[in-house]
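Two complexes come next, and they have one chain in common, chain A, joined by chain B in the first and chain C in the second.
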Partner chain A sequence: MSLSDEDVRRMARLARLALDDGEVTRFGDELGRILAFVDALRVAVLEEAPAALSGPWARTPFLRDDRVEEAGHPELYQAQAPESRDGYYLVPRVIEP
Partner chain B sequence: MRGEWHARDVRGLLDALARGEVTPAVLVEHFLERIAEHDPALNCFVTRTAEEARRRAARPLAGALAGIPLAHKDIFCTAGVRTTCASRMLSDFVPPYDATVVRRLDEAGAIVLGKTNMDEFAMGSSNETSVFGPVRNPWDPERVPGGSSGGSAAAVAAGLVPAASGTDTGGSVRQPAAFCGLSGLKPTYGRLSRYGMIAFASSLDQAGFLARTAEDLARLLVVTAGADARDATSSPEAVVDYPAALEAPIRGRTIGVVKEFRDAGLDPRVARLADEALAVLERCGARLVDVSLPRLGLAVPIYYILAPAECSANLARYDGVRYGHRAHDVASLEELYARSRGEGFGPEVKRRIMIGTYVLSHGYYDAYYLKAERARALLQKDFLRVLAEVDVLAGPTTPTVAFRIGEKNDDPLTMYLNDIYTNAVNLAGLPALSIPMGFVDGLPAGLQLIGAPFAEAPLLSVAHRYQQATEWHRARPPRFA
Partner chain C sequence: MWDTVIGLEVHVQLLTESKLFSPTSTRFGAPPNTQAGLVDLGFPGTLPVPNRAAVRMAVAFGLAVGGRIAVRSRFARKSYFYPDLPKGYQISQYDEPIVVGGAIAIGVGEGVKTVPLVRAHLEEDAGKSLHDLYPGRTALDLNRAGIPLLEIVSSPSLASPEEAVAYLKELHTLVCYLGICDGNMQEGSLRCDANVSLRPSPEAPLGTRTEIKNLNSFRFLEQALTYEIRRQAEVLEAGGTVAQETRLYDPDRRETRPMRSKEEAEDYRYFPDPDLLPLVVDETLRAEAQAMLPELPRARAERFVRAYGLEPYAAGVLTSSRPLADYYEAVASAVSGKGKDSARTAAHWVMGDLLGALNRQGIGIEACPLAPTRLAALVLRVEDGTLSGPKAKEVFEALWAGTEEVDALIERLGARQINDREALLELVDRILDAHPRQRQDYLAGKDKLLGFFVGQAVKASGGRANPQELGALFRERLGR
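Right, the complex of A and B next:
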């Protein structure tokens, strides 16, 4: 079983992942084999059980009061940005002039 | 004194410090020399923090681990020190804050000597997916140290640090501990804060430690465990005095021998070592009981649906805008995202993002993701049922000893199956550890012990009793003795 190039390209588009042609072919084959393997689960007959969507413990995560506990340091975080100016993150133009 | 300190475990070094036989500064220089001498051959360290370590050693230190040199897996954020996750995506990332595990060890007086190599974003079982290249196993440099915490494991095994942090999403502390002849602990999900630990699969990720002995693991755990307001999934469950609980009697404890741990490609020589280890525990006074986890065979399929699904969601944050790698010469925002991610991530990370995207996509979500979550709940129920009858479950940590570098690179599935005994424990959220149980052709093998939720104390005490009765944990790789 192998995923078609079209399937792989669709997943890559959803994942916002640029792949070259070699990667598309390789992932088609590898993902096909991995999905065939996990199919053991897809076809398994399971008794009814609630899905454990919140993690291994059913406990509700604790909540904090909604109040500021530490000063924000935007400059510290923005120093990590590949491109920023005047407190803004720079990206390619998204609206044509 | 050269040539001696690296042969001691954390407990031995604390004793020597307390008696004034050595100072933190001497220990720091000794281990930095070891790193300078041996790391070029092993590739354990991604970043060394020698100057900061020297400055810290010169100051008065207090705490339960005062003066003990350590290394952190390069997945833990360290304020002002580059944190890469062994990925091109984060090759220049310098976090402005410390992970809670890092901060608590700092408050306990430990001294960090550097950040260790790992599989990229903790995705791998061999340390071969690192952008910095593979780590070599100190027992045989042609073999992998295991992964994803391979740099931490190899560093402790080679005596470059007495202990190191790791993370375990599907076996990433226990499997390298087994491959490198160490003791490695993955605590219960929620026992340690995940704050500042770069996320891979948030419902499975848990910080852990690699050290020589169960006793050392208890000392590391007691200063790091406990609730953290910065991680809402950390547990308010009371922290036990784990070192004090080590001497609890093993007599009368029941150990469940999991039938299904004998299936699926288990090397008969590893099986024999596990039998011998169980016999030792029985001689120590434990009672062995056969138990069965009939759905264990589904664990790897469940894991390779859920972990990639969570990975694809968590890694969506790397977009080339706020931090991390950014592609140049792009024409649109869409292209900026896709090319930054395409260039920044390596093949295994891309593979998992693609699987995760697939199982979460329209038309497949119910069949794969929701079904896997239901199966996970059933698997956890199975574990809790048997753990209501026995104190600890036991079996081999891995089906084989360390494999050769490159041996499993061509087939991701074969690599995934290496974690067949460890994945299930993360799915069930349970604590588990691996301790050395002997050798196959000169390569170490590990015994895995699994406990009930938040029952780290009995787990560590059974392991400690085993280590009082055996010498496997004292073995050193000859060329790094």
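Right, the complex of A and C next:
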């Protein structure tokens, strides 16, 4: 299975990555090899097997009771943010006001 | 003329204490980011754990609208590249929602129309972005990130802005009744996106639709749809085609404007969230949801018509919120059986003077200072003829303002209606003597003057004389 340059550019755009032409070729090649590797799974017989992502759902999943048990600690968390002010996290402006 | 097709997606903020996947508070109006915890901020290594109450509320909604409750549903990640959800995705439900189908009945003109629902699913809300606080920066308040939402998707079967508003109102009443939403639209507890398209006839295939985002009031919904329908009609009539796009409504200019084109369709890359097991609604949870269901508004309105003899309109008003219906029912049950119209008189007082007084003071029925039993006492005095209309209003004002009981107020204000025949006859004669010309005119055929005589007599009695009795006595005295 191979990927076209267009596939690679589309994935890059979705991942918000800027690739130059050389990188498009390089990643196309690398991704193509990963897909070829994964392609080996196609020989597996899956009809009888449970869906992989459904997990061990034979047991009822845990649901939390509706209680507030964690306070926000803005000063602690914001110490780790690149930029914050007056309690707000600041990021590059995403749209024009 | 065009056939209009509207579908609504409504986001209902569920009334939980804590968030959908984290134990931080959902309280409105806290200082920025004081209610954003580790899971909400998308810290590495944290894991979401679903809130049982939010799931129960979604199930209760599904039961109330007669939808199918999925025993097993699934959370999915919706890729999303805005900083108001720091994880880089929103946890939502995609191919396996918790509620499928169901319907909501809305009043249309004199009739009832059933609006089928497509689905309702659970998802987390995003934080709030403020773009104009700091130059060149977007400020983030993530308190809202992770608050549970129930997204309710109607089928495209609403035919006009009026029907869309009726549907949204019905949905608003329902979620408030169920106690799963506070219904506060100013605070964004109920938000609506509208899909609208036109086609030449009801048989034609659906036209290209536009989506109008974030309509947070009934009025804006109606205005935005009215504008958008006219805009699309103009495009089509000029031979153009409607572009599939998302639009925003600008209430100041009363128009919709394109927000982003759907040609560059968002690719959300949904996939099952590997951090979360499938959601299982077992018998226990379903029974808990069932136990939450109150008598629903439409059923309650119908019962009010049957049991209390109300007009459908009055029953609709009185069941428009659960606290109001509870209040009315408390008054009605205290007076019913005492007087033939007592439950209807009660409805008249609750809808008229009581709601008027509440409005004047800007308080809701939940905080009504006048206990239903005290209003019931007033209704009984109207019913048994102790109070006339104007005097009852006077007593109501005093009752509202103070703590005195009705009978004591009637004595203190001298408000007791005069029903005594002798006393009334004396009054009748006095009025006739004072107005000989009008008496002549009445006898000559000017029937309308009866109202004048009654009015004069009521006035002379300080509003206490019984007007019905007076009318009869005037006719008796005048011989016609």
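Note that the second predicted complex is superposed on the first by the 72 of 97 C-alpha atoms of A that agree within 3 Å, B and C clash if a C-alpha of one lies under 4 Å from a C-alpha of the other, contacts with A are read in each partner's own complex, and residues count from 1 in each chain.
As a convention for this text, a residue touches a chain if its C-beta (ideal position, glycine included) is under 8 Å from a C-beta of that chain, and two chains touch if they have at least 3 such contacts.
Computed from a predicted model, the values in this text were never measured in an experiment.
In the superposed model, A:Arg64 lies in contact with both chain B and chain C.
In the superposed pair of complexes, A:Pro92 makes contact with chain B and with chain C alike.
Shared-chain residue A:Val8: touches chain B; no touch with chain C. In the overlay built on the shared chain, the residue A:Gly72 is in contact with chain C alone; chain B does not reach it.
In the superposition on chain A, A:Gly22 contacts neither chain B nor chain C.
Comparing chain B with chain C, more residues of chain A are touched by B. Legend: residue contacts after superposition of the two complexes on their common chain; A:Ala44 is shown touching chain B, with no touch to chain C.
Of the two partner chains placed by the overlay, only chain B lies in contact with A:Ile34; chain C stays clear of it.
Chain A residues 14, 16, 53-57, 61-64, 77, 83, 89, 91-92, 94 lie at the interface with chain B in one structure and with chain C in the other.
Listing the residues of chain A that touch chain C in their complex gives 14, 16, 53-57, 60-72, 74, 77-78, 83, 85-97. Taken in their complex, chain B has these residues touching chain A: 93-94, 96, 189-190, 202-203, 227, 229, 232-233, 235-236, 297-298, 300-302, 304-305, 312, 316, 319-326, 330-339, 341-343, 345, 347, 350-351, 353-355, 357-359, 361, 367-368, 370-378, 380-381, 412-413, 416, 427-429, 453. For chain C in complex with chain A, the touching residues are 16-18, 22-25, 31-38, 41, 49-55, 72, 74, 79, 81-83, 129-134, 136-143, 267, 269, 271-272, 274, 276-280, 282, 285. By the touch criterion stated above, chain A contacts chain B in their complex at residues 8, 11-12, 14-19, 23, 27, 30-31, 33-35, 37-42, 44, 46-47, 49-57, 59, 61-64, 73, 76-77, 79-83, 89, 91-92, 94.
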